[in-house]
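Down below are the structures I want you to see.
Each of the two complexes below includes chain A, the first together with chain B, the second together with chain C.
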Partner chain A sequence: MALPKLAVYKFASCDGCQLSILDVEDLLLDIASVVHIANFPEASREVVEGPYDLTLVEGSITTPHDAERIHEIRRQSKYLVTIGACATAGGIQALKNWKDTDLFMRTVYAHPEYLETLETSTPIKNHVEVNFELRGCPVDKMALVEVVAAFVQGRRPNIPEYSVCVECKRRGTPCVMVGHGTPCLGPVTQAGCGALCPSYNRGCYGCFGPMESPNTEMLAAAWQRLGVNHRGLVDAFRGFNAYAEPFRITSDHHEALAVAKGE
Partner chain B sequence: MADVRNIDVDYIARVEGEGEMHVKVVDGVIEDVWFGIFEPPRFYEAFLEGRPFSDAPDITARICGICPVAYQMSSVHAMEYAFGTSVTGQLRSLRRLLYCGEWIESHILHMFLLHAPDFLGYESAVHMAADHKDIVELGLRMKKAGNAIVTMVGGREIHPINVKVGGFYRAPTKQELLELVPELEWSLEAVVETIKLVSGFTFPNVEQDFEFVSLSHPLEYPFNEGRIVSNKGLDIAVSEWNDYFLEEHVERSNALHSRVRERGAYHVGPLARYALNYEKLTPACREIAAEVGLGPVELNPFKSIIVRGVETLYAIEEALRIIDQYEEPAKPDVELNVHAGVGHGASEAPRGLLYHRYELDSNGRILKAQIVPPTAQNQLTIEDDLRVVLEDQIELPDEELSWVLEQSIRNYDPCISCATHFLNLKVERITTQ
Partner chain C sequence: MSEMYVSGQSGVGRLIQALAERGHRVIGPIVRNEALVYDEIKGVEDLPKGWTDLQEPGRYRLEQRGDEKLFGFVVGPTSWKQYLNPPETVLWSGVISPEGFVTDPAPEPPKYAFFGVRPCEVAALGVLDKVYSTSNGLPSMAGYTAIREQAFIVAVNCVEPGGNCFCVSMDTGPTAEAGYDIAITEIVHNGNMRYLIEAGTPAGAEVLGDMGNLEEPSEAEIEARDFFLTEAAANMGKTLEVDDLPELLKGNARNPRWESIADRCLACANCTMVCPTCFCNTVDDNLSLDGTHATRTRKWDSCFTLGFSYMHGLPMREGVGARYRQWITHKLATWVDQFDEMGCVGCGRCITWCPVGIDITHEAGAIRRADLRDTPIGIGGFA
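Let's look at the complex of A and B:
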C-alpha cells in the first residue's frame, strides 16, 4: 500500500517549526518510512503533485498572494494541521495589526511601492478550515512527531490543553511568582514546552498561547501586585501569541488604562 | 526567431525561506541574472520600536529558526554596548559555548541535509539515505551533539529561553556541561571523517575575487566580538558599520541589499571568516585543511562545504575546551545601568556577519532598530556567482544548468527568512536566429 503523502508549506514565519521535523534526528528516517515526504521544499527539491493526505502549515497570512495560496493548499489537503504560533495565532508579526502598516513599510523599506502586504497578519483558521492546531513558538518537536504518528494511526493527537502551571508541579519546579516574585504567564498559558522558563529561573512568556478559558485579568492583578504597570502588561500579552483572542482582549484593556494613566 | 533560454526556479528548495532565481540568455549571451526574495516581509525593525530593551533577544530570535542564537548574541551585545557594560569571564565563555552549539547544528544541517545531496545527485537527504544511510546517520548524530549544547545552555534548540541582556537567567552546573562531552568527543572524529568525505566531491572550477568581510579578534576565531575587517583594507569598529556599508532597497527583493560604500558587493560567511582568521584556527583544523587541499584562502564558493566542516571541527574543539575550563559563576548575569543611548552589536552567525543597532530612550525602550542579516549582505555576491557559474556551465541543458545554479545559491546556505526582514530560480534563454 502506498504511504500517506505529507506536504509542508510555509507562510510568514521563521522556519523554526518546520525545522523541528529535521531536528528529530533519531526519528527523521523513521518518519520518512511511514509517510511519503511528497512536498517539503526546505528539505527536498522533489515535488510530488497533490492531493496530500497530511499537510503541515507554518506561518501566518500577510500578503494578498498568500491569502489566495492557502485556499489552493486546503483544496489539495485531506487533513490540514497548523504548526506554531504564526499559523495558529498570527505570530509576532501580528504586532503590526495594532499599527499603521504604511508607517511600518516606510520604517523598514526605502520603496514601499515594491512591496505587497496586507494590513494584518492573521492565523490560517481565519482563512480556511483547519483540522488540528499545534501550538508553540516553536512547536515542541516530539509533539510534532505525535501529530504525525496520530495521523498515521488514525487517532486524535494527544496534546495537553492545561496550563504551564501543571507542568511545573509535575517536574517539581517551585513557583517563580510565589517563590521569588517573578511575573509569569504560566497560569494562563497552554502547556507543551515542559515548563521550561521557570526551570531556568525566569517567568513564562507565553510561547504556547492562551490555555482554554484563561483568567487573564486575575493574573494581571497579581502582576500589578508585583509592581508591573499597565504598559508592562501590554508588553507581556503582546508577544508571540498577541493576536490570540484572550491575550488580545487583555492587552487592549490594559493599553487603554496605560494611556489613561499616562504610562 | 530569437533563441530565448529562460531558466526560472520559482521556489528554491533546501534553503531556509522563500526565494527565486531568474536567468535570461539571448543567443548564448547572458542578459539578465537575478536572485529574488519573495518571503513575506515581517517588519521586525518596526515593531521593535517601543518595546523594552530586554525583549530584543527573545523577539529577534524569531527572525530565524535556524540561527536564533546569532540574533540573541548580536542583540545582547548591542544593548550592553549602549549601557557601557561588558560580560566577561565564565559568562562570556558560556556565550561562546552556546554559539559553538549553533555553528555545529547549523553547519551540519546544511552540509548533510541541504548541500551534500547536490554533490551526490539526490533530491534530498531522505533520498540520499536510501543509498547512503550511514552518511546521513553520521550527520544526524553530529547535529544532535550540537543541538544538545544549545538545549543545555539555552533551554531548547530553537528559540532558546536562557539568554538575557547581561548574561543568562541560570548558569549551568559543571556536571550538566560534562554530560555533553562524550558525544562531542565522538564528533571530533566524525567531523574529520566528514571533511575528508566532502573534499572528495566534484567542484565546478569557479573562483571570484571576493571582498571577504568578517569579524576579527586578536586572540580567537570570531564569534561574538572583534573589529570588522576585509581583505581589501577595511578595518573598522562595529559601531562604524553605517559609515562604511550601505543598505539599498531594490524591486526584486523583500530583503535590503548591502554593499561596501566604496566598492560594492562583498562576501560574508565561512569562506570569509576562514580567509581572514586562518591563523586563529587550532592546529588540528589547519592540519586537516592542508590535508584535504585547502590553502589559507579559498576562493571557490562550492568548496564552502569543506570550510564549514573545518569550522565545525573548530567549534567542537572550542566547546570541549570551554567545558573543560568551566567553573560555575557566582551570578548568572551582570548588573545593568539602564540609560538612553545607542548600541551596536555584531556577531558571526553560521552564515556570516550579523549587525544590530538600537537607539534607546532613558527607560531603555527601543526608539529605533536596525538589523542587517548575513544573507541580505550576500545577495549581490550570490548574483555575481550566478553569472560566473552560468558563463562556465552555459552548455549544460536547462535542467542540469538549473540544478548547478541552485547549488551555487545553496553554497551560501542562504537564510531567506532572516534576510527578509527573503529563494525561487529562473533561467531564461533567447536565441534570435
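Let's look at the complex of A and C:
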C-alpha cells in the first residue's frame, strides 16, 4: 500500500517550525517510514505532485499572492494542519496590523512600487478551513511527531489546551508570580512547552497563544497589582500571538487606557 | 501517648541518618527557586534553617527569621502526593514483537521516608489512602499502595501556623494525633533549640530505640511544648465554618455567587495541582510512529480543564463558575458522600498559590451569607 503523502508549505515565517521537523533527528527516519515526504523543499529537492494526504502549513498570510496560494494548497490537501504562532495567529509580524503598512514600505524600500503586500498578517484559518492547529513559537518537535503519528493512526492528536500552569505544577516549579511577584502569562496561555520559562525563573511569554478559556482581563488586573502599567500590558499581550482574539482584545483595551492616561 | 524523648539539632540529624541507613530515600523541605519544596535530603544541614514563609492569598515570600529553627515555616507549593502519585507516571509500556506483546520491566517502587510532614499533611495522607487504596471496595490505584506502605512518616507539629492555615477548622492540626511513625515538636526552651520526639508506631519506636543517646525531656520542656501547640491552635490564619457546609453547598447550585467567582477565576488549575488531596488523573496512550511501541502514562488532571468534563462531543462544565463550583463542592461536600470525610485538610495551599488569590474559606463564607436554599433559585441540580 502506498504511504500517505506529506507536504510542508511555508508562508510568512522564520522557518523555525519547519526546522523542528528536521530537528527530530532519529525520528525523522520513522516519519519517513510512515509517510511519503512528497513536498518539503527545506528537506528534499524531490517534489511529488499533489494531492497530499497531510499538509503542514507554516507562516501567515501577508501578500495577495499568498492569499491565493493557500486556496490552491487547501484544494490539494486532504488534511491541513497549521503549525506555529504565525500560521495559527498571524505571528510577530501581525504587529503590523496596528500600524500603517504604507509608511513601512516607504521607509524601508527605495522602490515601494515594486511591492505587493496586504495591510495585515493573518492566520491561515482566516482564509481556508484548517483541520488542526499546532501552536507554539516555535512548535514543540515532539508535538509535531504526535500530530503525524495521530494522523497515521487515524486518531485525534493528544495536544493539551489547558494552561501552562498545569505543566508548571507537574514539573514542580514554584510559581514565579506568587513566589517572586514576576508577571507571568502562564494562566492564560496554552500548555505545550513544558512550562520552560518559569523553570528558569522567568514569567511565561505566551508563545503557545491563548488557552481554552483565557481570563485575560483578570490576569491583567493581577499584573497591575504587581506594578505593571497599561503600556506594559499592551507590550505583554502583543507578542508572537498578538492577533489571537483574546490577547488582541485585552491589548486593545489597555492601549486605550494607556493613551487616556498618557502612559 | 508513647514515651517522649528530647534532643538538640544533632538528634534530628541522627534520625535522618538512621532512616537512610534503613534504606529509605529521605525526602524533606529544602529551599528551591525561593520557595520551600520537598526533595531529597542527606542530612540536617539540608533543612532550611532560619527560613520562614509569609503567606497571603496569591502571595508567598521566604524570609530569614533571625533564629536557628529548622522547621520555622509551614507548607510550600509541593506536597507528598508528588511522591505517592507522581505528576507523570508510566503505567506500563511495551512492544509488539514476534513473540507477541512484551511489556517493559516496571521499576521497583521507591522506599521513602517523608521527613517534616505537617499535621494537615498527615491527615492528607489519610485522605489519599481512602481514595487510592481500598475505598468503596474498589481496587487500589496502580502503584500507590506499594509506595505508600513502605513510606516512613516523620511528622512535625506546627507551633507557628501560616497566614492561610485553617487546620483547626478541619480538625487536622496543629498537633498530629495519629498516622505518623515519629512526631517531632520544635521549641525554643531557655534559649536552646529543643526537639521533642515521640513514636506513633512500633516501627517508629524501633528507630528511636536504635538511635540511642536520646534524653528524657524535663517537665518544663513538655509543658512548653504543650503551651506552644495550644497557642498555635488559637492563632490560625483562617477559619472555615464547616457546620452544615455540605448541605449548604449542595443546596446552592444556582447561587449567582458562582458567576462572580467566574469573573475572577483564571481556570488555571493551580489550586487543584497544589492541593495535597486532589486526586484526579488523566491517562494518555502513546503509540510510536511505526505502531510497535505503546506507552500508557498517568498525569495529574484538574476539574478546571475543559477536557475534564468532555463527554459526547462537548464539555459538561463550559463556564468557569461551574468548574469552580465543582471544585469547592467536591472538596467540602460531595467528598463526604464518597469517603465519609471532607477532601480539605486546611493546609491553605490553594489560597496561597492561586495567582489571583481566590480563597476557599472566603468563598464558602460568601455562599453561606448568600444562602439561597429557601428560595426557588437556590435549589435544583448542578446545572
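Everything below uses one rule, namely that the second predicted complex is superposed on the first by the 263 of 263 C-alpha atoms of A that agree within 3 Å, B and C clash if a C-alpha of one lies under 4 Å from a C-alpha of the other, contacts with A are read in each partner's own complex, and residues count from 1 in each chain.
Here, contacts are C-beta pairs under 8 Å (C-beta built on N, C-alpha and C of every residue); 3 or more make two chains touch, one makes a residue touch a chain.
Owing to the predicted nature of the structure, the values given are computational and were not obtained by experimental measurement.
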item: Fit or clash - chain C, chain B, common chain A; value: fit
item: Which superposed partner A:201 touches (first chain B, second chain C, both, neither); value: both
item: Contacts of A:123 with chain B and chain C, given as first, second, both or neither; value: neither
item: Chain B versus chain C as contact partner of A:212, first or second or both or neither; value: second
item: Which superposed partner A:14 touches (first chain B, second chain C, both, neither); value: first
item: Which of chain B and chain C A:90 touches, first, second, both or neither; value: neither
item: Dominant toucher of chain A (residue count), chain B or chain C; value: B
item: Contacts of A:30 with chain B and chain C, given as first, second, both or neither; value: second
item: Angle at chain A between chain B and chain C, C-alpha centres, nearest 10 degrees; value: 110
item: CA minimum distance (chain B, chain C), superposed complexes, angstrom; value: 11
item: Touching both chain B and chain C, residues of chain A; value: 201
item: Chain B residues touching chain A - in the complex, by the definition given at the top; value: 11-18, 39-47, 49, 51-52, 55, 58-59, 62-66, 68, 109, 113-114, 117, 123-127, 129, 133, 136-137, 140-141, 143-144, 147, 155-159, 161-162, 164, 168-170, 248-251, 254, 256, 332, 403, 406, 415, 417, 421
item: Complex contact set, residues of chain A against chain C; value: 27, 30-31, 33-34, 145-146, 148-149, 152-153, 158, 160-163, 165-166, 169-181, 184, 186-188, 201, 212-213, 215, 218-219, 221-222
item: Chain C - residues contacting chain A, complex; value: 32-35, 37, 58-61, 76-78, 82, 87-88, 263-270, 273-274, 284-291, 299-300, 302, 304-307, 320, 352-356
item: Residues on chain A engaged by chain B in the complex (per definition of touch); value: 10-20, 22-23, 25-26, 28-29, 32, 37, 40-46, 59, 62-63, 66, 91-93, 95-96, 99, 103-105, 107-111, 114-115, 117, 121, 137-138, 193, 196-197, 199-202, 205, 207, 235, 239-240
